[in-house]
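Both of the next two complexes hold chain A, though its partner changes from chain B to chain C.
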Partner chain A sequence: MPLTHKQILDAVLELMTELSGDWEYSGAITAETRLLGDLAMDSLDLVILGGELQERYGQLPFSEFLAELGKQEAEARDVTIGELVDLISRQQRATAPGGVA
Partner chain B sequence: MPKATLPSGLTLHYQRAGRGPDLVMIHGLTGNLAVWHLKIVPMLADHFRILTYDLRGHGYSDMPPDGYTATDMAADLEGLLDHLGVERANLVGHSYGADIALYYAFRNPGRVLQVGAIEAALPALIHLRTREDWVGWTYWVQVLERSGVTVPPEHRCDLEYMVRQSMSIPKKWGPLKGLPRNPEKFLRVLDSTPLTRDYEVVGDLPLENIPRIEAPVHLIYAEGSAFLGSHDYLLEHLPNARSVMLPSSEWGHFGPLEQPEVVVDHLIESLASPTAAGARA
Partner chain C sequence: MTPKTILIGLDGATFTVLDPLMAGGVMPHLRDLVADGVRATLRSVVPPLTPPAWTSLMTGKRPGEHGVFDFFQKETPDSRYFRFTSSHDVQSATIWSIAGDCGLRSNVLNFPLMFPPPALVGCLVPGGWMPWRQLRLGCRPAGLFDRLKELPSFNPRELSHDMALEEKVLEGCAAEEYLDWITLHTRRERRWTEVFLYLMREEPADFGAILFDGVDKLQHLCWRFLDPALAPKDPTPWERDVRAACLNYFRELDGLIAEIVAAAGPDATVLFASDHGFGPTSDIVYLNTWLERRGLLAWAGDRGARPDATHQVGINQIARHVFEMDWDRTLAYAATPSSQGIHIVRRAPGGSGGVADEDYHRFRDELAAGLMGLRHPETGRPVVAEVWPRDEVFAGPFEPWGPDLTVRLEGDAVVSILRADAVVGRRPEPAGTHRPEGIFLAKGPGVRRGEAVAEMSLLDVAPFVLHSLGLPIPDDVSGRLPVQTLEPGWAPPRLAEPVEAASRPLVGASVAADPIGAGVALDAEEERLVLKRLSALGYLE
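Then we have the complex of A and B:
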């Protein structure tokens, strides 16, 4: 049975808080926290995050996710933790028995 | 994030992905392991068990006060592979990473399956690049000036100056393309270590040792690259090398970022068969 959106969000927030020590970010991390605007994540941080998430949730379309991010206008480019959780949640539903990939 | 502390005390950040024969990917100066992961690792993950790592002073690896020569970096790689229990591997490096792969192959002939050397430069061939008329300086100045950075004539052949100025131009590739760089960490390595001086130290691999590298080497360069002088020398003097030419591209030197799909096709073709490098192109 796929994890609920809430379960994934809680786990991702815990992971992000754990990793934020390396990213020198000390603010509160919520679903609205932005990866670029708030956490100032670099490509390397995004790659590390992608690796950690795929270790926990299996194969994700993370490169496609990064490619789509790169297509946004530079001034407005960003993604929230909530949107990242949406991606994981969609993938979990798609790969669950009876899911539609 | 996964880190390995080596017997030397140095801690290196690494990532692993995929299944198959071992493949180690080594980034170049000013880079980090993300160079490989944005496009190339996902495309190679069905073919190889891939290990990427941040060189000392880069990414999330330690930044000790010294030890940045290619000889030192090859010893770091040896320590990392010992730590992870990787006995034999294919090595693919870009730029300084390709130099490090060749240094490692020289020191560890029994532990290298094949080498993919993308735009290797080699400290022993520094004379090809320090001359004022080296085309690489002109390319580099043009890139900076297109981004609005003026390079005074006295600094047009000044490696450290050019690297520092390059940190001020927006990112060119990846999900942060067009956004400003965050150069703080890289400027710290320039300010607090001998990186740019060590980059030129010949150490283990003077010209006379190049013919002693036994591993098959695929020399992967872009048409029109400023580093073709190194390509030509290595093709002539390595005992088991073949040439792989990528199409000409805007920057030429940055194949893994500029044309990752083409690089991947060549790596799969070159490294999949153990005998592929047996004959010269």
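Then we have the complex of A and C:
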């Protein structure tokens, strides 16, 4: 039984809220929060975060996801927590028995 | 419970630096420990580099046997794309996983390749390229990070990896930044020690291991201030200040070592080991330029990063070769400077580029012969001391992941992967670089006292640790118990009987039946996406 989008969103928001509590970030963590622009994560952070999410939710098409990110103009290159959750949710549905992406 | 064994890792430590510091009174506690114990040169593995070498220390195995070759790992044996090496690549039992299997607890701090966190009986705070913003994700058991946050001096930003600071190690740092940078590493070692001492009190373990990696970082950037042979005769005030800051780092480190040894108590075995040694470097060998001149490598148009003032390539640029090269006209390339390796592009089934299987050995032999024939433009002397084919140096189940050829350069030269106007260059000021000769020191029950003994292999450290804990040495470990360090006939009480490797349940290490990625054949589109991913992450420009 795949997790619902809301279950994943709640869990990832909880994770990111917990992590950002260790930083100098005092804003609210929402689905719209940007990992690079708002949370000041760097490239190594994204690699580690991707590893953590795959530990929790199984193999993700993280390469393709970041590839799409890389196509964007440098100024617009960013990813929100909601977009990460969408990725996980899509993959959960695709890998469920009888699921389609 | 008091610990049976304490391992203090000194990344990159060398007697070239430590001996004068001990003799000169900068490290009196370490001097006294040596007088009360045993010392030996510790020969590292090929390549003498942090990820493979510490993994060899943890496992007692060579890179071809444990699966870690470099900071980056190939996606697949024939892929030209590389990803960060992680704990999943350590495909062998480790000293802490074996201890856990036998019911012993371990506290492990600041060792590389510990994320995602492997199962461990005890406490883990990972090191290596673990970014400070996510340090809590790597701490085990659950809740440990929050407990550490309660410590008055706990500061993850100073404790863990900060990409901007790390790049200064390889890319150089402005003169006015040296003192702050050195002082940061002095504070960082204090932070790690405070965590270690806290765990010794609150989470007592049979085996404790802590790695001080500032030694390596200082030696990279500040070698000319540490090597007595390079000390300026008439130093400028700035040079005096930098030298003083370096000495202060080692003085403080000595004090931290004394605190740990005192906390461990008189009955503990305490050992020190470095993953590799260090020495000066001035010459740079541009391997990809050499390959280009032999018609074996082509840059894509105007691409090909050229050396800047520091003549070094930083972390963010290390994988840029994927963008830089014309893969239709490239047969061999050096992927990273750290691996000292050359990869041969193999012809894909049905493809036209690359080296065909039937030509592989001839091509590789000719390449090796060419490298051995390379001469220094000024001295006429050989540039390359040794060339190893991977089946010779990386024999084992993970051999296909290693470079096809690995070089050891003559003298003090290092490898660069950059595009240059000449095959051999020279940096304006000497820097520090890795050498195979590291250090081993130990004291404790059954350890010889006041002796310098014959050279050991890095692979022998794991057997030494297991023996000191009273644990059996698995029969698949390539290292051997360094009996020259021990009193004849002495053995600690046995805690467990030897078991064959195949039958031993592995608690700590995640050992896959096949190498990670073994069953994954990336098609062209997937490889393109990996390339894009690297680009998105900033590893390529």
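What to note about this one:
Quick note on the criterion: the second predicted complex is superposed on the first by the 96 of 101 C-alpha atoms of A that agree within 3 Å, B and C clash if a C-alpha of one lies under 4 Å from a C-alpha of the other, contacts with A are read in each partner's own complex, and residues count from 1 in each chain.
By definition in this document, a contact is a pair of C-beta atoms (placed from the backbone, for glycine too) under 8 Å apart; a residue touches a chain by one contact, two chains touch by 3 or more.
All values reported here derive from a predicted model rather than from experimental measurement.
Overlay on chain A: chain B and chain C clash in the combined arrangement.
Shared-chain residue A:A94: touches no atom of chain B or chain C. Contact with chain B, but none with chain C, is seen for A:L36 once the two complexes are overlaid on the shared chain. In the superposition on chain A, A:E18 makes contact with chain C only, not with chain B. Within the superposed three-chain model, A:E52 lies in touch with chain B and with chain C [touch as defined at top]. Using the contact criterion defined above for the overlaid structures, shared-chain residue A:L44 touches chain B and also reaches chain C.
By the touch criterion defined above, A:A28 lies against neither chain B nor chain C after alignment on the C-alpha atoms of chain A. In the overlay built on chain A, none of the stretches 99-107, 351-359 or 531-539 of chain C clash with chain B except 531-539.
Residues 19, 22, 42-44, 46-48, 51-52, 62-63, 66-67, 69-70, 77 of chain A touch chain B in one complex and chain C in the other.
Interface of chain A with chain C (complex): residues 18-19, 22-23, 39, 41-49, 51-52, 55, 62-64, 66-67, 69-71, 77. The touching residues of chain C, when paired with chain A in their complex, are 84, 86, 115-116, 129-131, 133-137, 145, 149, 156, 161, 163-164, 316, 526, 528-530, 532-533, 535-539. Interface of chain A with chain B (complex): residues 19, 22, 36, 40, 42-44, 46-48, 50-52, 62-63, 66-67, 69-70, 74, 77.
Chain B meets chain A in the complex at residues 1, 15, 17, 32-34, 37-39, 42, 54, 59-60, 170-171, 174-179, 182.
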